[in-house]
Amino acid sequence: MSTNTVAPQVRPTRQTSTPRNQRTVRWLISVATLASVLVAWAVVAAVIDDNIVPRPLEVFARVIDIVASGEAASNFTTTLAKIGAGFALAVVAGLPLGFLMGRGAFMNSYLSLPMFVLGNVPGLTYAVFALVIFGVGPLGPVVVSASVAVPFIAINVAEGVRSVDGDLLRMCEAFERSPRDVLRHVYLPAVSAFVLVGVRYGFAMAWKVEALTEVFGAQSGVGFMIRKAYQEFQVDDMLAWTMLFVIVMILIERGLGHLERRLFAWRKELA
Amino acid sequence: MASIVIDGLTKTYHDNRGNQTRVLDGIDLTISGEQFVSIVGPSGSGKSTLLNIVAGIESHSGGSVALTEGDRKAKVGYVFQDPRLLPWRTVMQNLGFVQRERSGWEKRALHYLDLVGLAHVADRFPSQLSGGQQQRVGIARAFAVEPDVLLMDEPFSHLDAMTSRNLREHLERIWLESRRTVMFVTHDVTEAVQLSDRIVVLAPGGRIHETIDVDLSRPRRASDPDVALLQAEVLARFETLEKAAA
Amino acid sequence: MTLIASESAQPLWRRHAKSQLSSAVARTASVLTMLAVWQLAVVFGHRVPSMADTFARLGSEGAGGQLWTNLAVSMNRFLLGLVAALLVGAALGVAMGLSRIADYALTDLTMAGLAIPAVIWALLTTMWFGFGWLTPVTTVFLCGLPFVIVNIAKAVRAIPAETMLMARAFGVGRAEVLRNIIAPAVAGSTIAAVRFAIMSAWNGLLLAEWFGATSGVGWRARYWYDANQLDGFLAWVLLFIAFLIIVNQALGLLENRATRWRRS
């Protein structure tokens, strides 16, 4: 009786695609998906045929209007300025808080709870109380941005401080370095990488809360424009501003990521 | 002229349960002038502790330590087992970080970097160098301070044999060029014979077991028959000490 | 000269007890400080409600029956939207984790979804669906969905390729692969995904009910805000936060249990 032995199937190995090919493929698929989403949107809008669901082209027309008229530039500048000011405050407050948290267990326990609270207060609460305490104007959004960002910065700074190698500190001692030298050349550089990480994650959280605060109580800025559009039932405007907002913020988040990679090239091999 | 005077030095550790361990037990040692002195001993003999106390990064329980250069306190350079370079600073900046005298330090730093053969990586970050290269930078850093006293804690123990041999040559070369007082801790007896003028042998429990004077001419090659002979002799004495400790 | 080696003669247990005590003291001091800051805000910021007023209002809401009815309504809406987000999100996340094509196709959309502030969804759904239950439920769904997708995709991608190859080599069927390989790996991360999704979704619910509802936690908070009674507003916000904390803790415990196999 003959036995059929089947040789194991040798499957032809898939050709390993070059990174450039991969990038093109990824881009193509992504664009194709976006295009189909747009088409689906257009169909739904056509079927509903009401201002409440504007057609994609209408929204894009509004986007172009907003950018061309300079409204985009001025409102985004205002919003980003507020966020920036808030972050500057957050770093100024977060650095010493983080140092305290990183150096001592007592301070760590003492400050952990307030940091947790600041980071988890619902956006609505921030927005309403900013309005109540600071009224309409830029101060509310700035303080809110700072409050949301501080915990991210402080906690990351604390981690940075804790990460400073005891061995390095002993080396500084052996060479009789002054505390100022140790602060400047050991702690600050070690911590700055962590600060940037804190800024990145803090930004991702803070700009959403800041936008909400602007919706409630501002006289300019992207959040204010969205509220205005909502009150005037201009859904196309709402969507246009939202689109611009999301794109700008994603670009900034990406930019911060690049910055982190560049500034901290020395970490390459350590990572 | 620099001198290290250690008088009746003791060090006792207390652990969690109140037990005491005597790590150093009445060390009397004087090192003066441009001597290269090695401290050897089996593990548990307290040699690293001794070095740390001399460097001032550990406290002692009794006795005294004095490092002087003439009538002032001696300037100390330290080389650790691992490089301990600031990872976010370049090689050159690392050398600059430990300088006390700022005038003309760059020239000094480059000179010593050159002596260890690393002048060409002055602008690189530590993460871009190999382990051996980083350790060489550590040595250059200690020398660039132009210390009165140089303390070295098993600086080659974490490197492979070939790199260590290489670095020993570099070390001897620099030392011959700019002689200073060196206190060198090692567990490798043959290394001690190759490098030192005097070998201090510590016994477990932290006492000085004996002192051996090494009278060979420099520079020394590990392949020299005289060096090899003395190494064999000292090794034999060391082995009996280790067996007694076990 | 600083001491590196600590020469304390204290036994280990005593040092441990001391650190526990010091941390408890720190946390108490922390709570007291925050309450003090609240008091200061009451005094210096006009219209900031005091602790007494806020808790009084909480009590009266409870007595009047508003507390439980609104909480129940919000909870229903929340669970509905969340479950939907979990089902759809898990499906999409697994797809993205397993198939590169799905990953390329959906990543940008998911990133955009993560980036859209909850308030936008709340406003849009209010406009589209009016004051019905669809508004908050859809908002919850849309807020939670991207977090679920991202976390589950990450978990699936983390399954070692060797495991999948091994399954394929043994000819294990799809359903079995799903049950024995994908599900356990995803389980731990599902909890993590749910935690993030919950925070975002609960926030979304609050906003959606604020703008477009006639019942629920968000609506009641708005009611007091419109009536200029900020103690009522704060009372409901505190309830909101309390719920979040409880759920977070519960999920934390669950996550520890689910990832036991990974740690042991």
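First chain written, first letter: the chains are A, B and C, and each begins at residue 1.
Simple rule for what comes next: a contact is a pair of C-beta atoms (placed from the backbone, for glycine too) under 8 Å apart; a residue touches a chain by one contact, two chains touch by 3 or more.
Everything numeric in this text was worked out from a predicted model, so none of it was measured.
Centroid distances built from C-alpha atoms place C farthest away from chain B.
Chain A has the C-alpha centroid lying closest to the overall centroid of all protein C-alpha atoms shown.
Taking A-B and A-C together, the pair of chains sharing more C-beta contacts is A-C.
Averaged C-alpha coordinates give centres for chain B and chain C that are 56 Å from one another.
Chain centres here are Cα averages; for chain A and chain B they lie 50 Å apart.
For the pair chain A and chain C, the distance between C-alpha centroids works out to 18 Å. Along chain C, residues 2, 4 each make contact with two or more other chains. Multi-chain contact residues of chain A (touching two or more other chains): 170, 173. Each of the following residues of chain B touches two or more other chains: 56-57. Listed in rising order, the residues of chain C touching chain A in the complex are 2, 4, 19, 22-23, 25-27, 29-31, 33-34, 41, 45, 47-48, 101, 104-109, 111-112, 115-120, 123-124, 127-128, 199, 202-203, 206-207, 210, 218, 221, 225, 230, 233-234, 237, 240-241, 244. Contact residues of chain A toward chain C in the complex are 25-26, 29-30, 32-34, 37, 52-53, 105-114, 117, 120-125, 128-129, 132-133, 170, 173, 208, 211-212, 215, 226, 230, 233, 235, 238, 242, 245-246, 249-250. Residues of chain A touching chain B in their complex: 165, 167-168, 170-171, 173-177, 181, 185-186, 189-190, 265-270.
Touching chain A in their complex are the following residues of chain B: 55-57, 76-78, 80, 82, 84, 86-89, 97-98, 100, 125-128, 145, 151.
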